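Got a structure here, written out as structure tokens. Questions coming.
Chain lettering (A, B, C, D, E and F) follows the sequence in which the chains are written, and residue indices restart at 1 in each chain.
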Amino acid sequence: MSTHVDAQGNVMMVDVTEKAVTERSAVAEGSIAMSAAALEAIRKRAFAKGDVITVAQLAGIMASKRTADIIPLCHPLPLSNCKVEMQLTATGVHALCTVKTAGRTGVEMEALTGVSVALLTVYDMCKSLDKGMEISGIRLLKKSGGKSGDYARP
Amino acid sequence: MSTHVDAQGNVMMVDVTEKAVTERSAVAEGSIAMSAAALEAIRKRAFAKGDVITVAQLAGIMASKRTADIIPLCHPLPLSNCKVEMQLTATGVHALCTVKTAGRTGVEMEALTGVSVALLTVYDMCKSLDKGMEISGIRLLKKSGGKSGDYARP
Amino acid sequence: MSTHVDAQGNVMMVDVTEKAVTERSAVAEGSIAMSAAALEAIRKRAFAKGDVITVAQLAGIMASKRTADIIPLCHPLPLSNCKVEMQLTATGVHALCTVKTAGRTGVEMEALTGVSVALLTVYDMCKSLDKGMEISGIRLLKKSGGKSGDYARP
Amino acid sequence: MSTHVDAQGNVMMVDVTEKAVTERSAVAEGSIAMSAAALEAIRKRAFAKGDVITVAQLAGIMASKRTADIIPLCHPLPLSNCKVEMQLTATGVHALCTVKTAGRTGVEMEALTGVSVALLTVYDMCKSLDKGMEISGIRLLKKSGGKSGDYARP
Amino acid sequence: MSTHVDAQGNVMMVDVTEKAVTERSAVAEGSIAMSAAALEAIRKRAFAKGDVITVAQLAGIMASKRTADIIPLCHPLPLSNCKVEMQLTATGVHALCTVKTAGRTGVEMEALTGVSVALLTVYDMCKSLDKGMEISGIRLLKKSGGKSGDYARP
Amino acid sequence: MSTHVDAQGNVMMVDVTEKAVTERSAVAEGSIAMSAAALEAIRKRAFAKGDVITVAQLAGIMASKRTADIIPLCHPLPLSNCKVEMQLTATGVHALCTVKTAGRTGVEMEALTGVSVALLTVYDMCKSLDKGMEISGIRLLKKSGGKSGDYARP
């Protein structure tokens, strides 16, 4: 955190000028819990046009590309890949976002932003059926690349 | 959900043309859990310049204003107020986002987006201390205004 | 056109301050022509997840909402509805975009921008199969509302 | 300023929910000083295609429309007019930005942002000729509408 | 197209991680047809301030830079050049957009988006004179760079 | 300036395709003058949550990252660092913005845009206390990197 504040206490982007450009990837996950009625409605639409899952996946990808515009101190990074996988579960929808780049800093925030916006989009499309949905478990599963080394959630 | 798909199965914005312009508000909440070390670092900076909480609040407000640009089928709404309140808890940070507008549709998504982006920003600023942080409990607490009436979480 | 330039020759937004807020709508269309192979690939995916048509519809809707950010002298308008209907034809894909608002100026540009971006998205998703696709016939079909009255293409 | 901070010290948008929607306007100005060579280059292009002045005017108008996206706590406002007038002076270029809306809060920031970005664009287009240009005198000339009444610079 | 969908049917960005960074360029074209009156109005302004052509060129360049924000599955690319050339023809305006980058994927979409938005801007600025204008012939003329090799329209 | 216009008079981005990717930096400054009352209000909040300085610094950083989206002919650049330092002076606030990248063109505009938006944000947050504030002295202090060599303000 101190890396976002200089010696005089000024908020700043972390200076990554000296870091090497390396291949980096990150995977994040999260879920949304909902009523049986809302879940059934998603299930019914899952193989037709305009389904909730496709809209949510696209929203997650588009937000992931714009992470540096949404999270104030993130560095702009040219993503080489972004994918949002979504699965219906017994209680709702699970999302998994994988992001890759070749850059000077990691893509954890891009993966977490992709997951968050995909789940918010599910909320938006189902809110007429269930206002009580809850988004939880948004967290980093693993990352690779960069000087600080790889990370895998214990 | 069916309101996002027409009779031919085309995905669409919900048509709110016939709805009245009324005062509307929504409140959403969410939390991020983190290690004691990360939490202590936030606490120490909480009364100095460049603190995590202020950056996260601003990020939430700015994202809330851009909800229609982030969530694909949301209607653009001219917000008349947006506030993100954040509290340090025993295990992390709790966020509460209140949004108001005068419009043809509600601001639930604006409140939920504000909370989500504020918490993602906390993750971003503390991730050098703790990569295992987890965002949970993102949900609507209450809303008012509009034909469907008021909602308060049970 | 002269309404975009003042007496001194300065480029400007048209001043709509004195215009009344009225319900307005516009419908625009356009097409993309492609090889039989590319068209067949779209057809096969049309009822599965991640299909070209849904992605293109969403892209059109999102771009329509951002028209004032893309077309330099357009006024920001709070859309109350936007829909992009797409049909497979004998030679490609036809797109029809319907937009509604209550505002001081019309939504022709929002409808035309929605059509254009939906068709560009079809190109993007099919370009590995056919680089020779061509977008044509982007035009206004009708508009209603406002002082200048209704318009229907002859 | 205290209107941007609530009783608990949370940064927030000013709550304008209770304010009336009224016609509002604002005019701001500013200048850029430059070398005689750079000024002569602008003058020569002033009546040809692609001239510096037109590009700067458009940039100012487009930025003015996006003020709520650039200035963190500004309210989104649907501008009904925006114009940037630019004059060559003895020492550089003078810019005047006029903005109008019907809304719950004023358009001072839209006028000031329009002036600033127009002048930054002049810098960008002339910087190969003169890196020492200086932008000054960005200030509000007058505003009208709203409860706090009209303002005219003394 | 299948490159936008993985084995499980999830929509995704094409993974270009393994592709080499090479110099790439693309050229696209398109036209807008209009009434003689609208065309004459453009012609008269073509050598004065605030002319339609300059505004349209700028709009095309700015949209081309933002292609990854407009077309859902496009990769962000740092453009090294973008130019929109526009010619008055016997029946309207012809646009040619040339884009260059050094990246892992091509700039066809950037060139096509630049052409489309430039022509939409002509429509916007002339629509008070002629609502029947029609945009056609938007297509890729050539591209170079990348593993798939060069392309030139037959 | 002529680098923004080709031989036919078309406005264009400068073609930097042939330029080398090198480390580049730029520093710009500017100031805002205000009444003693407004300055005192900033001073009092300078060590509390939600203070004007932190909000202005963040606004400057976020705008600097989006320079290519705000200034029409700027090239998109992946910033590796951006910092806005702000000091209270006897008459107002002084801002200093430092930007770094590895790219084909310099970051002068990113530094100048960061300074400008930081100062505009101070105006926004203090305008209820003083509408007469004036922004001045926005200029480049130094730049390094690139073929044209280093620059330091005399």
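Assume a residue touches a chain if its C-beta (ideal position, glycine included) is under 8 Å from a C-beta of that chain, and two chains touch if they have at least 3 such contacts.
Small disclaimer: the values here were computed from a predicted structure and weren't measured.
Engineer: Which chains make contact with chain C and with chain E at once?
Structural biologist: Correct list: A, D.
Engineer: Of all the other chains, whose mean CA position lies farthest from chain B?
Structural biologist: E
Engineer: If I compare contact pairs by residue number, which of A-B, B-C or C-E overlaps with C-D on over half of them?
Structural biologist: B-C
Engineer: For the Cα fit of chain B against chain E, please give the angle of the superposing rotation, nearest 5 degrees.
Structural biologist: 180
Engineer: Mind checking chain B against chain F and telling me if their interface is mostly the same residue numbers on each side, over half, or mostly different?
Structural biologist: Over half shared, hence same.
Engineer: Could you tell me which chain lies farthest from chain C when each chain's centre is the average position of its Cα atoms?
Structural biologist: Max centre-to-centre separation from chain C belongs to F.
Engineer: Roughly how far is chain A from chain F, centre to centre by C-alpha average, rounded to an integer in Å?
Structural biologist: So the centre of chain A lies 30 Å away from the centre of chain F.
Engineer: Rounded to the nearest whole Å, what is the centre-to-centre distance of chain A and chain D, using the mean of the C-alpha atoms as each centre?
Structural biologist: Centre-to-centre distance between chain A and chain D: 36 Å.
Engineer: At which residue positions does chain D touch at least two other chains?
Structural biologist: Each of 10-12, 48-50, 54-55, 57-58, 62, 66, 72-73, 76, 78 in chain D touches at least two other chains.
Engineer: Throw together a list of every chain pair that touches.
Structural biologist: Chains touch in the following pairs: A-B, A-C, A-E, A-F, B-C, B-D, B-F, C-D, C-E, D-E, D-F, E-F.
Engineer: Which residues of chain D touch chain C in their complex?
Structural biologist: Counting only chain D, the residues touching chain C are 23, 54, 57-58, 61-62, 65-66, 76, 78-86, 100, 102.
Engineer: Can you name the residues of chain B that touch chain C in the complex?
Structural biologist: Its residues touching chain C are 6, 8, 10-17, 19, 68-69, 72-73, 75-78, 103-104.
Engineer: So in the complex, which bits of chain D are touching chain F?
Structural biologist: Per the touch definition, chain D meets chain F at residues 1-5, 9-12, 30, 38, 41-42, 45, 48-50, 52, 55, 58-59, 62-63, 66, 70-74, 108-109, 112-113, 116-117, 120-121, 123-129, 131-140, 143, 151, 153-154.
Engineer: Residue numbers of chain C touching chain A in their complex, please.
Structural biologist: Within the complex, chain C touches chain A at residues 46-51, 53-55, 57-58, 62.
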